[in-house]
Amino acid sequence: MVRFENVGLRYGMGAEVLRDVSFELEPGSFHFLTGPSGAGKTSLLRLLFLSLRPTRGFISLFGNDMASLPRSGLPDIRRRIGVVFQDFRLLDHLTTFENVALPLRVRGLSRPAYKKDVIELLEWVDLGDRINALPQTLSGGEQQRAAIARAVVGQPDILLADEPTGNVDPALSTRLLRLFIELNRGGTTILMATHDTGLLDQHDASRFELRDGELTRTP
Amino acid sequence: MVRFENVGLRYGMGAEVLRDVSFELEPGSFHFLTGPSGAGKTSLLRLLFLSLRPTRGFISLFGNDMASLPRSGLPDIRRRIGVVFQDFRLLDHLTTFENVALPLRVRGLSRPAYKKDVIELLEWVDLGDRINALPQTLSGGEQQRAAIARAVVGQPDILLADEPTGNVDPALSTRLLRLFIELNRGGTTILMATHDTGLLDQHDASRFELRDGELTRTP
Amino acid sequence: MITQYLKDLVPELFGEVDPSHSTRRTSQIMPDSGVSGRTLTIVMTIMCYLACMALGALIIINKSIDNWTSDISGQVTVQIRPVSGSDVEAEIVKAVAIIEAASGITAINVMTADDARALLEPWLGAGEILQELPIPRLIEVTIDRENPPDLSAIAERLGEEVQGATLDTHRRWQDQLVRAAGTLQLIGYSVLALISVTTIAIIVFATRAAMYSNRQIVEVLHLVGARDNFIAVQVQRHFLRLGLKGGLIGALVGAVSFTAVNMLATDGASGLAQNIDAIASGTYNFSIANYLLLLLIPLVATLISLITARLAIMRILGGVL
Amino acid sequence: MITQYLKDLVPELFGEVDPSHSTRRTSQIMPDSGVSGRTLTIVMTIMCYLACMALGALIIINKSIDNWTSDISGQVTVQIRPVSGSDVEAEIVKAVAIIEAASGITAINVMTADDARALLEPWLGAGEILQELPIPRLIEVTIDRENPPDLSAIAERLGEEVQGATLDTHRRWQDQLVRAAGTLQLIGYSVLALISVTTIAIIVFATRAAMYSNRQIVEVLHLVGARDNFIAVQVQRHFLRLGLKGGLIGALVGAVSFTAVNMLATDGASGLAQNIDAIASGTYNFSIANYLLLLLIPLVATLISLITARLAIMRILGGVL
């Protein structure tokens, strides 16, 4: 469902961040993405959620060639992708509830239609008592959990998570990993960038490692 | 140099985040601060760097009673404190160099006076080639290192670091911890909030643990 | 409306602003600040106020032109100079007969010799000479405007048959006034055009500023799958409100200003105001219909800001990935 | 100056904006956008333009009042009506003698009978009667304004010694004109005051908006140990530039407008412009000194925006921890 062929990426006039990256993700698979800081993990994910175009190479998502897809086709593809941003990107002026409900609202659903689901999900990530709080009054870990909830609320076909456990304690990390594994069992493809060696040990999944712009896969 | 006596904190009408917290930090000591997500670590640090006033209790910094200190006295105290924010708080429109130099600029130093020091420090945290980049073009880990550089550039008497290694790989974490230990050897008091159990094992220091608003110290 | 406007501008006046309050209410995806911010609302109000003044002035000018063209050509004057050897009274009778014979005349008023003398008094002084003087006599002729008579034919007959008679159609006066008013009219329309163009420019800038300062929100919306139209609706909603608010307040204050000037012009002892009044020849009072015409301002302001913002937004979004 | 202004407003006109460029240059701690943003610059320019127009109008009005008070009281008219049994020419000679005897008279001009007749022609028509008519005669007397004569004494002597003589000091006219101008003056000053107050209000709002939208920057600055004064200097610098820029451009465009209206008034065939010209009685042309006076506008605008911003900032900072 996702295919990269000889993808290269550079920012402006800088050095190449990604070089000849090729890989394929099968539906329902689970992958970790690791690599040192600044290796290009976030950049790779940005290519996947279409906020960046590659300098060269071929990307295909759900069978669509990204190079030839018109702008108007992007929203439909993006609705099948859930993203947890490394810097959360919650909207400051919306409450936790509204932030998490945003992907549904954008799809034209009305509040009564999604209210129950959203609250249930917020309880799952332990934010049941912070539903009406604004992001700046949440602790770092709480913001991260809200970001995760927003990424999964639309039941995406593929979930991209960038360092989703950097701000939570080990116990909560394990719990969030369980959420991802649960989603994966339900058919969602998962690609999770992380530095947390503890997590890598807890789940047996294929690993991508980025180093000096090259991607290697084990196994 | 830092003394808390029966400090209590609540936000608005909410439950108490901190309850009867009392402790003392000696000059030149090194402390970890742990606790589950949402326990109040960031709140405790905010009390220390004076961006929040306690609901009750007594706080003294460098021998000054914070309750009776006039507003005009705050800048002088803040210049003796270095802070690494959990969410970095780099200024979007300034380059890495300018962000890191900010505490010196605010003190009235001129560019030639601090330029060499700042660049040296940036090289130490591995940002030598990103000096003129704007924060939004830095990777998560790079932003975090810039935030650390800004906190230590003014050679503060006390360094407060909130989750300073949440976005970097284990190797870099170790390196950053070494920077903190180095500073501590030079006489800086260090209080570092972290979830990273790996780090806790690497350095032998006293640990504060926050849980349900209560602070316990080991040893 | 006004209270809401003031409340938005000076929240302090209306008690403490409780930040925790917004927690429950906020539901707009694009926050207010930075889009329909205070400065912009004030600017919009000023522009609409200016537009209102210009439109009001235009209404008065147009009405005055109407009055002049109709009133003055609605009345002509026949002057009969006493020519030596002629009997003025007899000539007057002849002239009246000729005028009455023509169709399209609604009234004929022969001024008495005393009336004519009163007109001359400022020039000659009230003395015995005036009594002795052979003064020209005037006949005021009111014309049916719907069905005007053939004035040149009347003038010809009068010239032929009545000694010392001339027909004054006031055309020279009228032409000059209408020309002056035409200049004012042109200025008025130019000012209106200028205001519209400036408003459009301001809205374009403001839209771009709003899109820029909310670029992170726009990006997040895109990334969770929002279509351009959805985003545009969120932003342009603010400009709809902006145009409506600025337009209504501006027009309202404008209407009040007009009424005030009006009262100054009719009540005041000032020579100037009376002059203005004289220029507008009596029908200066703004009618209800005219006030309703001012409602065009908020309507046009809303349309301008809505359409301009929409176009600007779609153009910006088209350039984003 | 103007190019910079246009460049700021419409960067597209001046080639692509290279975002990477800012990387090296940026050194201002408070970013430009949101403080002296485009909309605000435009508003400031509009306000200064309006102030310029109001000030210019005031200058003209004040000058006109000067002219009227001096010119009209600098000239009086003596009218001599032909009374039956008197010889007008002889009476004129007597009157001239009396006037010449008084001190403070610079010139005496006796209008001929033909001149007087020309004045009456529109009323009586050019016929033989006018030739025969005993017409009142006029003597124009120019007064030394520095050292005016005792007009009432002259009037008394004329009344006693010359038959049919009256002295017209034009005072009624003058009073009315000055009263009208006084009203205009008042309106002008009110408009100026209104503009100043509005500008202050806008600057206060803008400062608060700037502090609000940059609150994260302000917070970080505080936390790295910046004093209030340091922060205030960063912010108010923008308002200094804003006032200077808006003031200069506004005053410049205002000066150009005045020159344009001036040329319209002297060249144009329009009756209105000529009327305006007549009101300002000849000395309508703006002198260099007057143009320099318009430079007050940018100065005052800069001061207002700087001081207002400073006060607003310090007030906000005082409420922050």
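Order of writing sets the chain letters: A, B, C and D. Residues in each chain are counted from 1.
One rule holds for everything that comes next: contacts are C-beta pairs under 8 Å (C-beta built on N, C-alpha and C of every residue); 3 or more make two chains touch, one makes a residue touch a chain.
Note that the structure is a prediction, hence the values are computed from the model and not measured.
Visitor: List every chain that touches both subunit A and subunit C.
Guide: Expected: no chain.
Visitor: Based on mean C-alpha positions, I'd like to know which chain lies farthest from subunit B.
Guide: The most remote chain is C.
Visitor: How many Å are there between the centre of subunit C and the centre of subunit D, using C-alpha atoms for each centre?
Guide: Those two chain centres are 24 Å apart.
Visitor: Can you work out the whole-Å distance between the CA centroids of subunit A and subunit D?
Guide: 66
Visitor: Could you please state the distance in Å, as a whole number, between where the Cα atoms of subunit A are centred and where those of subunit B are centred?
Guide: 29
Visitor: Identify all positions of subunit C at which a residue touches two or more other chains, and write them in rising order.
Guide: There are none in subunit C.
Visitor: Quick one: which residues in subunit A touch 2 or more of the other chains?
Guide: none
Visitor: Once you draw an edge for every pair of touching chains, what topology comes out, line, ring, star, complete or other?
Guide: Graph shape, chains as nodes and touching pairs as edges: a ring.
Visitor: Which pairs of chains touch each other?
Guide: A-B, A-C, B-D, C-D
Visitor: If we count contacts the way the header does, which residues on subunit A are in touch with subunit B in the complex?
Guide: Subunit A residues touching subunit B: 11, 34-38, 41-42, 86-87, 137, 139-142, 145, 162-163, 166-172, 195, 197-198.
Visitor: Which subunit D residues qualify as touching subunit B in the complex?
Guide: 22-24, 26-29, 31, 216-217, 219-227, 230, 318, 321
Visitor: Can you check the complex and tell me which residues of subunit D touch subunit C?
Guide: 9, 33-34, 37-40, 42-43, 46, 79, 81-84, 119-120, 123-125, 127-129, 133-136, 164, 166, 176-177, 179-184, 198, 201-202, 205-206, 209, 212-213, 268, 270-273, 275
Visitor: Would you mind writing out the residues of subunit B in touch with subunit D in their complex?
Guide: Per the touch definition, subunit B meets subunit D at residues 49-53, 71-72, 74-76, 78-79, 83, 89, 91-95, 98, 102-103, 105-107, 132-134, 150, 154.
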